[in-house]
């Protein structure tokens, strides 16, 4: 990873100093071992602060919505980010001509919670990845452990570790070894109705309506979200379970057939609602009912909710 | 605060028997924004209507709710009532308390409760109704007819006779189409050319018709009343003005290629007129086979032409034309028989398609009308006609009936016997379908007077056997497998849509069925209209058809076009979608779900933080939109809304109906 | 000082819950949050709650008025809380946040509902044995293991909890559960003092390592309204409400109506200065048009406007925003960059 | 079965047409004759099949069946035929060919006593003679 | 027994979104043919089943509907050619999703009822009412205020 980190700095420097890009979006490091965050560099001299480490999890493509679209922007994309980028492209929210994409192969990123759970976080200064291992650095000494043990759940089921779109690929493609991603959904599907209802009610009742799941989502790219509209006010602001249900049903429904399954919503939810399971329920059903469809990857296929076949399965009448 | 008036109809006893009118009136009077509530025995009667009108004026009502029968019944009546009192009709809402209430419920208390709920719902919606106005769309009073077969010819003539300008675009060098290839026509045995050529000439000479042969429609933009088409006039390499049609050029031309018009049974020259009665009777140079163009040698025709009409440098001409209406009459093709190896078609020269047979009996055809076997130019004695080759065949062909084969095969059996009284026709059929005026009689004549032997059953295989063809089939009526030694086998190959029909459909924004035939707007009630307003269908491009049907559909399509063109302006349905550009994200999902191509993308410029930025948004063409509202649901931020059924209105209805 | 053995805690909860609604840090699906205790609930003192306990006084949404239209005059009916409650296990930082909320809701015009809840509630604070990785309470002059405003102060001493009533409300509560309490031995009391000292010292050391303090911070920020700093910072902000909703001191709210037909209610609900609609006016004008102005507002409000007006910073160093911000827009880094004085070593 | 022009237009076919005065091609095989026939249960080839066989030129098959003898010439078929085919006439022609041209006899004098014993009316016996023998 | 009594006294509220061209007309036909179905059903007229947004359905549940029916033209017969095909996809997914969240699938139903199927309209509404009455009041997506 060290090497990739260096290449990343070089191409960032190159694209800014050559004028190919006016801004580079990459990652920087904060004081804590787990703090890697999006960075926006316009000065070639600032590219030295860019990093690539096991915590560079933020999807950078979503920022293209906010940045003034006239600027030519260079951007680093992981596999999941690339899918999100493609979805935004499909939604007409980014201009392919105005971005320079550097692809980063990524076989997984580290979930700080797993490091903490393993009791490795106390006094931890830095975590580095070497081959398949993580090296944990402390004031005194270091420890090693298999990297995959600490990956985010979303990374373990990742099916696109290598970007599907880029102008330049940085580093070697990594192998793809996803675990079954619908396991949780399938399990929930078989639990009794009432149990399922209380499961979701419990999770939804924790929701604080911070909208982080929406704001981080590359498929949520509306200029103004219906949840924010004052007229008509679809979503009330009361602390009322039915409204939270409305929010989560509608959010998932709006990204149905568009969700690239990057898992960011679930990752950043501050209260731990398993949002990805909602999205994956739709993905699973769409795959079963209308044929396999990978949003962000299957660019030659029409989005499942924007097309139909005359012999589609019928809506059972609830009997 | 709105000023809503509610008018409750008794409908004689129809409503009043099951619904407590007084109770409902009282409850309605207390609903939010309702300032007036009254009832009457027959609201739709003159007295009832004047009651409403008076109340609108006296009480200064700004919304009206009529609780009566189904809106599908009297909505228009009450719209007019409101309009007469100066209220925009779209401020009226109907609560259906008859069909959906008093007639389906027995218990008076229940029905009364439901009637109140329905009225409350209508009141809630009405409060959010807005004035709507039908917009006027000017109509370009010209028509475009695509396809110069009998359908296109008839439509063009009818529209032109009604006094409108028509452009008729035909892809091949001459108009005439399939009908020009035929010899006789069933069931009267009229000579096809004799009845067609006068019409072709009429088209050419009609002062309202401009003929574009050897031309294609490349692009169609716009919408009903305002289409703009791009027409490519391909280079003919012959000056239409100078050419006299003397024929020296094609006499001298050294290049020979298979004649499309004669179904490849003979050769034509590289410079050619497809058939002697062609309109215009001016040759074209087929550049793909002309030596001048393929090898940059030759030039004989130019030297030979006494009129100096040959022009090798002619270029394609691209025209932009505006039209109010379009008639599509692009005809059909014959199914490719590659998958039907058992008939030896293509392997034995005496196995023919019906269209080839047609050319062989045609006096302008390759044999001058003497029916001769292509193999040895001898007259055939036994001819086997096989029906349903690819028709009614789900596995290798088309599941539909090609409709005309039964009749033309009977015709062929008759023509055979007329040419050779000793010859025997055998017809293998699955069912005989003779639904048409004089069709059954014609078929029976073939059997009874012309001695054609009809065998109900299929042919399993045709074996070339010396100079004969051994046909093995079955007569399922007698239960016998049969063998016939034939001199000629004629296959009634299925009719199919033109292979490029889907492209044309895309270009025009109309739809096709699973077999690529253009789809009509309604199979029963709007059979000559396409789904896209202002586009009409004629002939076999919509499905297999015979000549009389094609002609009547063409006249029907022409009549529809004339109705459209005779208006200066079109009034559009005001309940159409609209886009709130500030909310529109430009994902254009709406375009994907619109069945009418009524949504398009446009670029707007706006200032964001002091910078002028361009972005794409959706735009609804009100002339094309039919108001289904599918786009509104595909729009996640709710930027697309359907006037008359807005999100706000329906949400208010939901809130009110759930109380 | 009293103490209670850990094995008696279950009895304690039951006794307290019997007396009043008992809010506890409860663990559910791995997330710890304050919620009314019920039998079988999983109490977790190990980490501080994700959502701060401010919602006990300042609920996410709260109806305060019911109305009826249709009659000649609008009929109004106000709603008031009646329920007594105990908030158990509040950390000293969160407890300090109530002082900040008090400045808003108890100063004129007083928020009656908030004031009543403050009166109805008894606060049992639990000292921190060890500050968390992202904690920085000492930088805002707080003590990790001691909350001056608590009605009762408790410390987790391993085998038992030390229990020290610190107000009349605290004394009253202690009286109720007295049967479960034992007198703490002097050395046990001394241990609590030691605990206070070591945690404070530990956090102070950590603070030195962080390399900033609030000395002169307001002066430094006063000239920074148009500073490039905000330009640099705002880019990565996603505009979500995590920082404000998880902040124990954020107190912005909106007023909304809910109605059915002729009846309805008016409620206040949390709002966030991070949201674009927060300052959106009916005219369509938005004085904070981009995330830059919103990010600047959030930090300047906490670190400059609020202290200028009320004399204390609107931050208690609980570290929730540092930990939960998806893009690590870290307030401690902002302070550092904006000119918080870099301390000694 | 081979079908040829010869078999279709053979002399027998022409003869049947000449004797019956009927064009068997008129028949379109709807089967009304068979459906209406009161004695079809005793026939080996059904009435409409008789016509079909003749359309195909299968004269011998028809001459060898019992149908033409079972036919009672009741004319139900002719009365109901939508194509107006005189099927009893065709049956008669077939019988005539057998009786007159081929010397066939279905009923011989020696059979008489057996019938008489059954109390057959005289008129029936005379008719039988006319139908079954030369 | 008291439990049963309580169940029997429950009358569900059922909201039916009917497309103008087929199902609403089918409802009209049920009326003109004087068929009967329970008064629990209340119809909202929309131009096409594709006009029905999930938002409306959820809103109906929030505001107290015990069951929601969307009715449109039979697939292939849509007045607007293809609206019901889109609706079919949208609602099948929604139905399965609501069930995934623990909602009884009977509470949200989709039916294709043509303008000539007055009897079917009445039968569907009767059956739906019976089913939902048996399920009892819906509390799952309901606004508790």
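Every chain is named by a letter (A, B, C, D and E) in the order it is written, and numbering of its residues begins at 1.
Just so it is clear, contacts are C-beta pairs under 8 Å (C-beta built on N, C-alpha and C of every residue); 3 or more make two chains touch, one makes a residue touch a chain.
Everything numeric here is computed off the predicted structure, so don't read it as measured data.
> Fewest touch steps from chain D to chain E?
2
> Per-chain C-alpha centres versus the global one: which chain is nearest?
Chain nearest the overall C-alpha centroid, as shown: E.
> For the interfaces A-B and B-E, which has the higher count of C-beta pairs in contact?
B-E
> What is the chain whose Cα centroid lies farthest from the Cα centroid of chain C?
D
> Hey, how far is the Cα centre of chain B from the one of chain D, in Å?
For chain B versus chain D, the centre distance works out to 55 Å.
> Just curious, how far off is chain D from chain A if you go by their C-alpha centres, in Å?
It comes to 89 Å between the two C-alpha centres.
> Chain A to chain E: how many Å between their CA centres?
37
> When the centre of a chain is set as the mean of its C-alpha atoms, what distance in Å lies between chain A and chain C?
Whole-Å distance between the two chain centres: 30.
> For chain A, jot down the residues that touch at least 2 other chains.
Residues 226, 234, 238, 240, 305, 310 of chain A touch two or more partner chains.
> Using the touch definition from the top, which residues of chain C touch two or more other chains?
Within chain C, residues 63, 258, 260 contact more than one other chain.
> For chain B, what residues touch not just one other chain but two or more?
Residue numbers touching two or more other chains: 593, 609, 634, 647, 651, 655, 659.
> Taking the top-of-page definition of touch, could you list the pairs of chains it picks out?
Touch list across chains, by label: A-B, A-C, A-E, B-C, B-D, B-E, C-E.
> Which chain B residues qualify as touching chain E in the complex?
Per the touch definition, chain B meets chain E at residues 70-73, 96, 98-101, 103-107, 110-111, 113-114, 117-118, 121, 511, 519, 531, 575, 593, 595-596, 626-630, 632-634, 642, 645, 647, 650-651, 653-655, 657-659.
> Which bits of chain D are touching chain B when the two form their complex?
1-5, 8-9, 23, 25-26, 28-29, 49, 52-53, 55-56, 58
> Mind pulling up the chain C residues that touch chain E in the complex?
By the definition above, chain C touches chain E via 63, 258, 260, 265.
> In their complex, what parts of chain E are in touch with chain B?
Contact set of chain E toward chain B: 13, 15, 20, 24-25, 27-32, 34-39, 42-48, 50-56, 59-60, 63-65, 79-83, 86-87, 90, 122.
> Which chain A residues qualify as touching chain C in the complex?
30-32, 35-40, 58, 62-63, 66-67, 121, 202-203, 206, 208-212, 214-216, 228, 230, 236-240, 267-268, 270-272
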